[in-house]
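First chain A sits with chain B, and in the next complex the same chain sits with chain C.
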Partner chain A sequence: MLFAPELVLLLGSLLLFFLSLGESDGKGARNVTILLGLAGFVLSIITLFQEGSLFMGAYRIDLFSQLFKVLIAVGMTCVVIFDGEMKGISARMRPEYYLFLTLSCMGLMLLVSSVELITMFVALELSSYSLYLMVPMRDDTGGIRFQMEAAIKYILFGIIATGAMLYGMSYLFGLTGSTHLEVVVPKIIELSASSPAAILGIALFMFGFFYKLAVFPFHFWVPDVYEGAANSTTAFIASVPKLGAVAILIRLVVMVGPTGGDALVNLLIVLALCSMFYGNLSALVQTDVKRMLGFSGISHAGYVLLGLLTLKDSGFATSIYYIAGYLVMNLACFLVICKVSKNGENVSIDDLSGLHQRAPLLALTLGVGMFALAGIPPFVGFMGKFMLLTGAYKAGHLTLVILAALNTAIAIYYYLSVVRIAFCNDPDERPSVSVDPMTKLVSVFLMVVIIAMGVAPAKVLELATTAVRSIL
Partner chain B sequence: MDFLIMNEGFPLLSCLIFLPLVGALILLFLPGEGLARMWSLLVTLATAVLSFPLYTGFDPNTALYQFGEHKEWIPSLNINYTLGIDGISLLLVLLTTFIMPLCVLGSWTYIQKRVKEFMISLLIMETAMIGVFVALDFALFYILWEAMLIPMYLLIAVWGGPRKTYASIKFFLYTLAGSVMLLVAIIALYLHNDYSFSIPQMMGQDYSLTFQIWVFLAFCLAFAIKVPMFPVHTWLPAAHVEAPTAGSVVLASVLLKMGTYGFLRFCLPITPEATHVIGPYLLFLSIAGIIYGGLTALAQSDMKKLVAYSSVGHMGFVTLGIFVLNKNGIEGAILQMINHGVTTGALFLCIGMLYERTHSREISDHSGIAKNLPIFVTFLTIFSLSSLAFPATNSFVGEFLILAGAFSHNKIIAGMAIPGAILAAAYMFRLLQYVLFKGPGRPDLADLNMREIATLAPLLVFVFWIGLAPEPFMNVMHSSVDHLIEQVNLVKHVAESAPIAIAMVP
Partner chain C sequence: MNPTLLSPEGLSGLVFLGLVAVTICGAVIATAAKRLIRCLTGLVACFMGVAGLYYYLGSPFVAMMQLLIYVGAIAIVIAFGIMLAEPDEAKLVKKKSGLSGVLSLIAGSAVAWGLAVAALRADWMSPAVKLNDGSVRDVGMSLLTTYSMVFELVSVVLLVAILGSLALARTGRDKE
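Up next, the complex of A and B:
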């Protein structure tokens, strides 16, 4: 029972594998995947407060890991439901597509439970390679094959990041003689005062996860992959893998302890600031919604780091809260993109013109999602930012807080311009958008979560704090 | 909680906040446009009626916060749901609840498309506005303050005039950019006060002068944009001109007051030393606003723009009254906030009614309509006279008090504000002269109907009530204003008496 969420996904992917052997249009595979997502969600909730370990402590079940598994399952289910028609993927590839999606989620679930370097590596690569394959599966509609370019970029940058990570791991192992995180990290912190190799090792190790989270300067894949991948693939890449990255980064930083690690904090400050400014300033000039959300994702990654660099429980809990909020806000925006896109093509900001007349519910979802990403109360984005800024100020980083606050002001412009197009412009012959009942349900669910988390964050925060304490 | 008189029994303030919100949620499921209008009118009227006990139950002899409510909200950050009103916020809450039914009435036929969504935005606005005035927790205040931007943005962006996109974006960006640093200041105060967001607890603390000045500047940026003070007023004319009637009324009557309310509630008591240092400069900005607003209003041919610029001038009077830091000035400022809400709100309603008939806001298109629309013109004349502070109308009392306060503070400053009063007469009479007498008239126009008269008549009552017998309105604010002045001058006494004490030691 303890490992049920992962096991269900594993069995499910075997089932999907058999489904993919025959000819099918993917409807059955889709239903299976939705059921898997829901099962993963329910099982993760059931095992939420259980604990246990496997493989001599290399794999651990605790509140922290289970919390992330819940979020991963939510993300997976939403993405599969709201891109029901799979407009961007050709029919004969759909079963495989769902297979890799499930495998990737399973990889992430394994990742958030790993506390040992090699296990982590295996889990991360399982998740990443599935994603690398999902990107080029996009239907070749325009004959430009830009999904291939995106896939190549994604895999090349990914492999470089992985290489750097492995190199860092070798340093960590060489310096400490162990691959278990709880042994490695304290020793490295001890060593880091005297040995630059220790800092280099831990920094290189983190690169792999910065890459997943798309922190500056590991973001180069973001705009092209977001643009090149099919809408639903982008929705997945943009939200779910980031959960895994944040989970591991927290596991790592938690062990640094509240005192040590000045070098690490400085590194995180620089990365956070660069991500925020780079992401927000670049997003200002985008015309493609997915590219814009990609750059906005970079800046949000910077915000998540604000919680990590406080080196306090409350800060980590806020980071979890923020990334969970980011998941729902981002899914809300991508839901709209997937639906507005007629045949799976990319959506420019102008394509959203007059959305409030073409599909009022989608326009409302988009508005809520965008205002939430911009950090306007009463949505979750505001509460998250507010707590992150408070935490960072409490830890004494005043300049950082002021610059981060300024970034909020920069960011509002591009989010608002999307809302403006959707609410102020006339549709000009653009067709109305049909929304199936399941998607309607998902969009209402996402909106309710965005508002509820923003208005009553106490419970979520409490859970996140307990989760962080459980891994100490 | 010694600053709060807890409200035992019926939670009046919470009801005021949540009634419009619940009304908006129910409205979501009601079919039909007529029903949407009736329902919102009902909800806003009920809120107005419900707010009446605030006045009757208010104890004017204490400066403590009354009708207090206190609930834990986010314990890990020590954010609480604390509500309460004092003599400064009481009238503003009443103004808000009183003006909202008139907004609904004023947009009865003006809004033709998406009536339901419009009314929902309006009701959510009301929730946020009442909340801002009664919140005593800084985090709660900030959340409501920012949350207000979304419905207001939609009011302008969806139902606005031809340049609505430009106006709404400008409004949103200006206000949001202004409040970003407010957030940092709030966090700084929170950390300086042992992790407490309680506004009354932040007052009267011993902050260093440098800290106070930074906090004051952060406050000032946010509030000055909202007021709006010269030179950050440029969003106002754009927003006013493009907004639908109800949007303009809400903007003029309530939103602008939040800036000046912010000065009174936060700047003066929390950073008194900085107020004494920076206040004098703000006096000059107020004078600049008065003169600039008057001169620009004189040059407008669009009636809405004229009233919008006159707002800049009137709000200049309010900030002038606040920063002279004496009793007359501050009481005049609070009264003038109410007056401006009544008078300018009424003027925007008048212009909206005219616009419905002619689809134009140009003064020249309405020349000589006095003979065609006698009732309308009577209303317009009285509200215009009130706007220029004619004796026996409400604004006269307010402006008189402010100028009296300014004279006892500094005669030069007061002298510089006088031309503003003359300019107000000039631009208002110019408007009246055109609309009343010049030109051929418009025989095709119908005079006001009963609904429109019912919209304007209550405002007319208040124009004369405050103008002739302001005491019921002044009584409630005396204790709170005395207390406020005490808080501001506390530091001054310390600063003045310190050298004497040192001199006496040897």
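Up next, the complex of A and C:
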């Protein structure tokens, strides 16, 4: 029972594999994937408060891991549902596309539960390989093959980050003689006050996950991959893997202990500031919505680091809250992009003109998503940023808080100018956008979650705090 | 006192230095050569050196795998790739301007220096804590006990890699 969510996805991917063998237009595969996502969601909820250890201590089920599994399943289901017509995915590869999507989610679910270094690495690679493969599956309509360029960039940067991560792991193994976190963590906490190698090992290990989270300077793949991958693939890459990255970063930051590790905190401060400034300033000049959201994702990665660098369980809980909020806000924006794009082509900001007449529900979803990303009350983005900033302030990082607040102000400009174009410009000749009932359901669900998490954050935060305490 | 050159320690140190030299020379050739096929031979030399180091450290199984997988399979695949792609001999790799070379040298040596200093100052686990003798039997035992999860997961990763390459290769060359 403890292993049920992963097991369902594994068996489901077997089913998808058989579907991919025959001739198929992908509809069946898509329905199977939606069912798998829902089953994963339900099973993660059922196992939410269970605990256990599997596979000789390499795999732990606790509130922390199950919470992330719930979020991963939500993200997976939403992405598959709102990509109803599978626009932009090469027609011959649709069943395989869903197979890789399912396996990528399974890899992430395994990743958040792994408490052994090599298991972590292999689970991460399982999820990454599947993502690498989803990028070039875009329909090659223009014949310019820039999805291939995006895929190659994604793989090459990924390999470099993985290499750094493995090097860091080798330091941790060399210092402790074990790959199991339950042995490694106490020893490294002891060593981290005195040994630079321990800090270096943790930092290098983190690089692999900074890459997933798109923290500066591991962001180089972001704009090209967001632009080159199909809209729904980008929606997936932009939201779901970041959950896994945050989960593991929390497990790693714990290693420096509550007091040691000034060097690591300083590193995180620098990376957070660089990510915020770089992401926000670059986003100002973008005309493609996906590229803009890519740069905004870099700056949001900087905000998530604010919670980690407090080294307190309340800070880690805020990071979980923020990344959960980021998942729903981002999905809301990408839902609109997927629907507005007629044949799966990229959407420029001007293409959103007059969206309130062409598709009122989508315009509302876009408005809520963008307002939330900008950090305006009463949406989840505001509460998240507010708590991250107060947490960092309490930990004594005043300069950092001022600079981060400044960044929030910069970000408001480009998010709201998208909303302005959608609501104030005339649609001109642009056709109206049809939305299927399932997608309507998802967009209402996302809006409700964005507002509910923003209005009543206490429950979620409490759950996240309990989850974080369960791994300390 | 230092061991003399012909004592067992001295000879084994000589072997070690020889293997390191092969690895480094191979890596330099792989990055500096102008023709792709020469880069590949440098890479093969580098892999062989690393395999030798594994053997030197008492893991014959890992050394064999290194030879079998990296030299025997990966290098051959790259060779096939180079032959099929017919690289344009006229367009040899051009040297970048001097400044970028200097800058990358500075950045690279800074990273190497930092890693080396941290490594030299660290208290590594004492070598006496030997986990096993690196034989096939021990590797097999730990794959089916401590690392059983990884063992199962790797098969899924391989499945993804195979399916992915098939799916992409099937349509990758469509020209219509």
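In the analysis below, the second predicted complex is superposed on the first by the 463 of 472 C-alpha atoms of A that agree within 3 Å, B and C clash if a C-alpha of one lies under 4 Å from a C-alpha of the other, contacts with A are read in each partner's own complex, and residues count from 1 in each chain.
Please note the rule applied: a contact is a pair of C-beta atoms (placed from the backbone, for glycine too) under 8 Å apart; a residue touches a chain by one contact, two chains touch by 3 or more.
The structure displayed is predicted, hence computed values, not measured ones.
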item	value
Chain B or chain C, by number of chain A residues touched	C
Touched partner set for A:43, first chain B, second chain C, both or neither	neither
First (chain B), second (chain C), both or neither touched by A:393	first
Partner chain(s) touched by A:378 [first = chain B, second = chain C, both, neither]	first
Which superposed partner A:362 touches (first chain B, second chain C, both, neither)	neither
Chain B versus chain C as contact partner of A:265, first or second or both or neither	neither
First (chain B), second (chain C), both or neither touched by A:99	second
Chain B versus chain C as contact partner of A:468, first or second or both or neither	neither
Touching partner for A:123 - first (chain B), second (chain C), both, neither	second
Which superposed partner A:309 touches (first chain B, second chain C, both, neither)	neither
Interface residues of chain A shared between complexes with chain B and chain C	none
Of chain B, residues touching chain A in the complex	73-77, 139, 142-144, 146-147, 149-150, 153-154, 157-158, 164-165, 168-169, 172-173, 176-177, 180-181, 183-184, 187-188, 190-191
Touching residues on chain C, where the partner in the complex is chain A	114-115, 117-119, 121-125, 129, 131, 145-150, 153-154, 156-157, 160-161, 163-164, 167-168, 170-171
Touch list for chain A against partner chain B, complex	314, 356, 367, 371, 376-378, 382, 386-387, 389-390, 393-394, 401-402, 405-406, 408-409, 412-413, 416-417, 420, 423-425, 457-458, 461-462, 465
Chain A residues touching chain C - in the complex, by the definition given at the top	10, 17, 20, 54-56, 58-59, 90, 92-93, 96, 99-100, 103, 106, 110, 114, 116, 118-119, 122-123, 125-126, 129-130, 132-133, 136-137, 167, 171, 174-177, 191, 195-198, 200
